[in-house]
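Order of writing sets the chain letters: A, B and C. Residues in each chain are counted from 1.
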Amino acid sequence: MSLLKELDQKDPAEIGGKLHRFAAELYPICRSITGDGLRQTLARIQERVPLQISEVPTGAPVFDWTVPKEWNIRDGFIKDASGKKIVDFQRCNLHVLNYSTPVRAKMRLSELKPHLFTIPEYPDWIPYRTSYYKEDWGFCLCHNQMLALKDAEYEVFIDSALEDGHLTYGEYYVPGRSTDEVLISCHACHPSLANDNLSGLAVATALAELLSGRDLRYSYRFLFIPGTIGAITWLASNHDAVERIRHGLVLTGIGDAGGFHYKKSRRGDAEIDRAAAHVLHHSGEDSEIMEFSPYGYDERQYCSPGFNLPVGCLMRSVWGTFPEYHTSADNLDFIQPQSLARSLRACAAIVDVLENNRRYRNLNPYCEPQLGRRNLYRSTGGEAIGVEINARLWVLNLSDGEHSLLDIAERSGLPFPAINDAAGVLRLNGLLSVVPDRAAGEAGPNGASQVARSSSKG
Amino acid sequence: MSLLKELDQKDPAEIGGKLHRFAAELYPICRSITGDGLRQTLARIQERVPLQISEVPTGAPVFDWTVPKEWNIRDGFIKDASGKKIVDFQRCNLHVLNYSTPVRAKMRLSELKPHLFTIPEYPDWIPYRTSYYKEDWGFCLCHNQMLALKDAEYEVFIDSALEDGHLTYGEYYVPGRSTDEVLISCHACHPSLANDNLSGLAVATALAELLSGRDLRYSYRFLFIPGTIGAITWLASNHDAVERIRHGLVLTGIGDAGGFHYKKSRRGDAEIDRAAAHVLHHSGEDSEIMEFSPYGYDERQYCSPGFNLPVGCLMRSVWGTFPEYHTSADNLDFIQPQSLARSLRACAAIVDVLENNRRYRNLNPYCEPQLGRRNLYRSTGGEAIGVEINARLWVLNLSDGEHSLLDIAERSGLPFPAINDAAGVLRLNGLLSVVPDRAAGEAGPNGASQVARSSSKG
Amino acid sequence: MSLLKELDQKDPAEIGGKLHRFAAELYPICRSITGDGLRQTLARIQERVPLQISEVPTGAPVFDWTVPKEWNIRDGFIKDASGKKIVDFQRCNLHVLNYSTPVRAKMRLSELKPHLFTIPEYPDWIPYRTSYYKEDWGFCLCHNQMLALKDAEYEVFIDSALEDGHLTYGEYYVPGRSTDEVLISCHACHPSLANDNLSGLAVATALAELLSGRDLRYSYRFLFIPGTIGAITWLASNHDAVERIRHGLVLTGIGDAGGFHYKKSRRGDAEIDRAAAHVLHHSGEDSEIMEFSPYGYDERQYCSPGFNLPVGCLMRSVWGTFPEYHTSADNLDFIQPQSLARSLRACAAIVDVLENNRRYRNLNPYCEPQLGRRNLYRSTGGEAIGVEINARLWVLNLSDGEHSLLDIAERSGLPFPAINDAAGVLRLNGLLSVVPDRAAGEAGPNGASQVARSSSKG
């Protein structure tokens, strides 16, 4: 049974619940772009799918960048003059500026203030801030709390380590009939933020579980990596895999209650762009297709001009457009089991398009074949035809060896599964032949692949 | 004088009246996809234009299909227990399921009911139903009448014959300077239904009369055929003619009071598609251009992928979207003389575009020629120019040998006749030369035709 | 400093005042397509930029036309029976039909009337009328005045000369690094009409002053010519210069209070068309982009099919759409200093695009370069990026040697100067190399120019 049909037979509430529980399990861990929080996160994913973990040492050159020092943190607080912890890393890991250098000092409020980060517009939320490439220390706290601080002496303490170590990332490769790859990439470096990006981690892991052990057209590579530097490190270290990427998705922020957003790849008309737009259009939810821009998530790296990979980004609410973004309000209440389940369903539907988007050839191209005598048509004239028959007529009409099933779905306005089912029935009835799939290494008339390849050199 | 100008000098009310009277003359005949009703219909058309009639025997293979048995009917009724004819073929030929096998029996209502067809939503109308490819018998009647039937015994009688015979179709070929052909196709298989498709038969016959004996660029082939199987049979039997089709129109449902609809060919950008869209846009009536779909009339066959002919479909109200469709309410009141006359005018205007859509070359391509000294411009500056002058400027500006007059009409927003008139005046004044017309076999610079040819193999 | 930045440092009110004063200086002169009024106008422009003046003799053949006789006028009036001048050329030079032949006669009103031109819809305005190519005489006056004329005898007098002479035009050539040219063309033949086209003359002269003495990529050619016949004469006489035109603008009617209108070149997608549309979109004023049409100003000649030059037309209110057009109401009050200044700014911004629209190559095409360590990025994560950083990311992402800066500006939605500044900063930091500029004769990989050349033969 197809991936999608199998998924549709399950209870969405149960799927959503499992996804949310996995996000909740990962929520307390203090992740960063390196360090043990990231390792613990990958270990939890490894309990579900057999991740391969890579460790790249500090100082390794990766294109224009260098793998940074590894950061680990044990504790951090601000104590007031009475010795009371008024800001405490143990209560919320957002309180310490991510990548803070260690500090232990007493200082007046005026000296402390340049190290405090707040959000005046949302005075009860803690911001999420980082300082990866400029050594600094700091605390993030509610604006109201900062306003209430007296001009007194405070004890600040951050028990962190910023030392030579490693950058860690996880990969899970699901082999298919072809070595051509579909990339699914998530960043795994944000601490206690639920939508950004525990939602992505949970959905990607569940999609990986769904694909495991299946007979697949493509091979699938799931990446769980720190944002930016992780993608750069992976791209710099995996030339051969990069060359095999035919389609890709960055998954992030797909757990909130908002409608879908798909940001197109730099190419703008890649098959993944069309597949995602088609699936979202038929998803029954609000959705919007956004043009590529060079700001965002790791599609920035995958779509840099030297690679120009066909990789888009699937989101619900778009980063930076909702106030909870990068604050303590992006918590486990902000993501919804139902939204997570529907996001997984959308990913599966996109995979379903990629897996089945083939070209067929109508074996009776002159006039319509007589569907009636094959029991593929209504036998009494004068009644309206339904989606099923309509899909068959569309597939027959456009299956000239040039149009793919996605082409036909787009032109007909019918959902891809209806078109794919029609092609299946027609093929079973001897009315269609399949055009050899170069992606899967099937022999075509001239034996050469027509899949456009992007070159990648590091 | 041009076809269109000649038509515009006639009284539209008179033209409409003639068209309606011809539809009325054909209305009582019980047509089907074979049989004597079809032959009688073709004979009536033959009184106006010299149709060539073809008879193809039952059992002849035509692509994936086989020519069916011939159906003829003499009578049919249902009598109640008192012997009264309560459903009578002589009163309305829709009452008998088209292609009914013969039956003579007495039966209770419960046994009869599966053979009765009604329209619950329009309880006073008789539906039109067929069963060409599944042998069956039945009656069509008003829903209210069926509801009133008592649980009693009824006598059913259908005096029909379904036997080996022939499928009949008519063709009228109007020769032009070129053997390249324009196809005008109508289905002639529906019994007493006025809009679908007596309107098409009447307009096509009148268009054929208009074209007869003219000096034409293209040759025109008018087909009067049974729907689906007739088109398939003709396509299977006329390879050479099929190869010569350059443009084509299916005419159907063009007599009602609704606005125009033109359904594009599968190609979507064929010259016929552009000509029809242009003419309807300037028709002064509401009109809508519809994308191709593989469901509809005989364009389904002409646009099957092996042929992919540039054939669109001109309609007023679209089949299936108005309740009268395929019911007794599609009667002679449903079609309007004025609508029929305007439909004929639209067909003539489309033909006018096809006949005159040539490319010209401005013989003074550097700067504008001085129109004033040729009396082709206003002599006193400062006033707005009219359509006539504007059309001349457009033709001069775009006549670089690449743009056709239809290109110029589209880009300028001016109606094709204004552009064509401008080209005529400019050519008379020595300002334009005509680019040789390969369609008409005129010698071009390299002697080769640039008209794209679709291949057709049976 | 760039042309545009230098302009933006000046006081717009001062610029506008100067432009308006120059228009006012030229306003009283009675210009026509030949004659001393045109020569005086060119002499005033020559006081600002070193115009080269050409004189082409009457009778010279220019393509399909012939240089007309030269027209000069000293005086003209209508006197009533009492000897009072009721229409007087000395009061307004629009009163005499432009190109009137001399006349001295007494006649009754009925005889005079065919020689009187008025505007019934605007009975207090004097129309502007010409009769260049049909010898005639006449007077233009207010409709109300004409209505009040009694049926009496009048003395008419026009002291003009229509004799063999010359057609005069002015050219100013500003050399750049490349001999490829940008054409700026204005008609200088209208008498006391302010918007049409003293606004164009004033702005073009100011733009010429701005460009003088600069280090420029392109060479610039400013034409001050009589409309139609002047453009035809110049095109017929300057084959070599015509072949070097890469971009061009006709400037006319750019002083009124209306929003901008840019009429595209016949090509429709020329770089000038895209540059003008981009600049106007970001101008902060209402603007509209109009498709090319073969009616209008001298773009008619530049865009005739034999030349098909990439020349558009920049206007504010469009000729013929405002009632003041070609009337005495197109006076110095109808043009605004602020509008003139903003029009000059728009021209400079278009020139800025043309001068800087180059292609660059990202020298770190695999993943993003690390902007942070070059101080080109924000150092603390989590905050929105501004236009400056965004422009850098766009330039890096699309600088693959294929996309020009204008391509990038269009795709990003950012204004060209922001994109150009970003390219400058990135190049200074060693992150971009420039693709050799064939326009400026820089050596490219294969030494050949890729700039499309239009051929010009007279």
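Keep in mind that, in the parts below, a residue touches a chain if its C-beta (ideal position, glycine included) is under 8 Å from a C-beta of that chain, and two chains touch if they have at least 3 such contacts.
No experiment lies behind these values; they were computed from the predicted model shown.
Chemist: For chain B versus chain C, which are copies of one sequence, does the interface use mostly the same residue numbers on each side, meaning over half shared, or is it different?
Modeler: Here the answer is different, because the shared fraction of interface numbers falls below one half.
Chemist: Quick one: how far do you have to rotate chain A to sit on chain B, C-alpha fit, nearest 5 degrees?
Modeler: 120
Chemist: In whole angstrom, how far does the Cα centroid of chain B sit from the Cα centroid of chain C?
Modeler: 53
Chemist: Identify all positions of chain C at which a residue touches two or more other chains, and write them in rising order.
Modeler: none
Chemist: Residue numbers of chain B touching chain A in their complex, please.
Modeler: That would be residues 62-65, 127-134, 136, 228, 231-232, 235-236, 266, 291, 293-295, 300-301, 303-308, 320, 326, 456-458 of chain B.
Chemist: Across the complex, what residues on chain B touch chain C?
Modeler: Interface residues on chain B, with respect to chain C: 362, 364-370, 372-373, 379-382, 384-385, 390, 393-394, 396-400, 411-412.
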